[in-house]
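There are two complexes below, and they share chain A, which is joined by chain B in the first and by chain C in the second.
And then the complex of A and B:
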């Protein structure tokens, strides 16, 4: 004897299957996202480095951008003239951040001086307002520019070499590229 | 294999706010010709739809098959809606309904449509256009499709409405044959004389079951008046209860 129950017409079972399928997709998607997510903890920066995107104040970011552009300009002037231009000469050419303009004043009013290093030259800017922007060192040697920062109105050790700078609490500004960088 | 017994247990059917069936409890014994009679809108066709699993009913409808699994259920509808201009032969129509092979590949010879058509007196008309048939002939074709394959339960929804006299004779023969083969027949009909003659049991249905028993006892004039009156009288039990 086989008992067959006639099921009522309706979409309950179909609805159930659709919900189950949706649930399965949701669960598998959650699992996939959970298991395959890229590790977001990029190696923390070394103590003597500071990130240009997240570590700088607005004024420092402006100065950093200007110094990078000025670094190329100074390198070009050096090869053309055979000597390093002084900060005063750069100021007369209105090259930021060396130009003494309201913008420079608003960014901490740095006093720029030229210093010699073992391999090249360095431009040292001592901040008059460290709470706006720290003191900066633009170091130019044969292969590019390095910019160092310390949030104090003090001169860097002479000569401004890596070991001496980091020992004195200066930090090199670097750009790190992480998943958060969208452009 | 003989036919199944059918049990309707407190079957309710409400569509929108209209109560179509109200606590219908009914037992159809295996291998009997069970007629269901009642007025228009009494829920006869809805009862069949519920049995075929096409209505959102409540309650239990159970088929008790004698074997290990369900057998063949055949259904003869009251009429069939289709475009009369359709270039469809009688054989094509049977092919659409009866065979697994797609009908556009042609009728399956193994299904032996000719024999079924012969049984309903339509021999030699397999190639006729279905739209050109008379109402009675169409009804016979609907009967023929129910015979392929041989049914264990056959559900008939007013099959005699469109039949001519010769067709009625054929239908009676068929009913006798099916009954002899042990097929359970659930037969919705409004022709009470035929029910009285051919059915083994009859149920009066007007939203609820008004009577259920042997046709000769049940189809008394009083009960029939009661069944077809606009407001069906409450059953004896309800009268006592209230």
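And then the complex of A and C:
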């Protein structure tokens, strides 16, 4: 007697294949996304550095940009006059942030002095309102400008060199260029 | 170093390439001997470069006046214009991202570009774009005196490297122009000194004015547009209005040349004073356009601060 097993009507086998195919697609997609993922955020900054985009208050961001621009003008004035201009002279030139105007008052009311460093000059701005903007040092040593920050109404160590500033809790402000994301 | 060879053709740029392919055969314009031709994409950069180069070079707007830079799509005739340039000055941080695609599709795909913002401390973009961990930056660095000064310096230095015979003139012109720009700000602040307050709670329609407001020690409390150039939905608008009331915003800055119907709704619902800033991307290209429009913006800001003082 011949026996034949007849599979009952249903779609179990097709369903299984569909599920397997879906699983394979899911696994390959997960692998592809995992392998091609954008790198994590850049390595964290060293302890003596602070990022201008994410680490500063609004007032500090404005002052930092002003000091970067002022560094170039001061370098040009030094070349033309053979000496470093004083903060008072820079104020008469309406050069921010040295100019005594409502903007200076709204961004910490810094008192600026000119200081010597081992290799150049520095403009030290002691904040009257560290909660708005910390004290700042613009250091010019012939290789460009460096700007340091400490959120306290205190003067930097003299001379304001890297090691001394770092040891006293000052942080050097750094900024990075980021191109448009749809380029 | 901010002069960079343009990146090679990008597969995402098929549209621009197709546009170029459908254009009349691209012919390279021969620049007059000894006089360079520098391209720009936005009005402020025309003013910057025109004041830096003076008569020593020609400034070529790649995009004709009248286009809204938020909605511009590359056109064959504009791509064709790039063939006659010696370099292109770019905003490069989000307001002319189309430029790289245009250069790649042009007769000069390796055209040198000057990254005007290379030395500018960039701020995060406003609105939802800011959520990308600061990787999306606010592209409106040109709406600021200090950041314009930084860009003018960078442009002068890099154009001087491309055109050494005129480098000294470019540097001198840039310094004189920067002094004029700084004086605009000093004049505005002098008016503010007699007008009263130096504090203000601010909202803006377009997330374009953070750089300018930071020069005055002000911070933007709320931005109405959810992303650059995108109008809010009714739900987003209601949320923004609620935020403005909660933060007790005193002043809203809208757009002078790109009016939006919903701005009146905000004013009616909140009763907050409304002032209009210029985005400086409207009208004919002119060397003095940036100074004129920026002076008007500064006057507007001073008026807003004066009228908000108790």
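Note that in this section the second predicted complex is superposed on the first by the 143 of 183 C-alpha atoms of A that agree within 3 Å, B and C clash if a C-alpha of one lies under 4 Å from a C-alpha of the other, contacts with A are read in each partner's own complex, and residues count from 1 in each chain.
FYI, a residue touches a chain if its C-beta (ideal position, glycine included) is under 8 Å from a C-beta of that chain, and two chains touch if they have at least 3 such contacts.
What you see is a predicted model; the values in this text were computed from it and never measured.
Look at A:106: by the touch rule set out above, it reaches chain C but stays clear of chain B.
By the document's definition of touching, of the two partners only chain C reaches A:59; chain B does not.
By the touch criterion defined above, A:36 lies against neither chain B nor chain C after alignment on the C-alpha atoms of chain A.
Put simply, more of the residues of chain A are touched by C, taking chain B and chain C as the two choices.
Of the two partner chains placed by superposition, only chain C is touched by A:76; chain B is not.
By the document's definition of touching, of the two partners only chain B reaches A:5; chain C does not. When the two complexes are laid over each other on chain A, chain A has no residue in contact with both chain B and chain C. The touching residues of chain A, when paired with chain C in their complex, are 41, 52-54, 58-59, 61-62, 64-66, 68-69, 72-73, 76, 94-96, 99, 101-103, 105-107, 132, 175-183.
Of all residues in chain C, only 91-97, 100, 115, 117-124, 132-137, 139, 144, 146-147, 149-150, 153, 175, 178, 182-183, 185-186, 189-190, 192-193, 198-199, 211, 213-219 touch chain A in the complex they form. Taken together, the chain B residues at the contact with chain A in this complex read 4, 50-58, 60-70. Contact residues of chain A toward chain B in the complex are 1-10.
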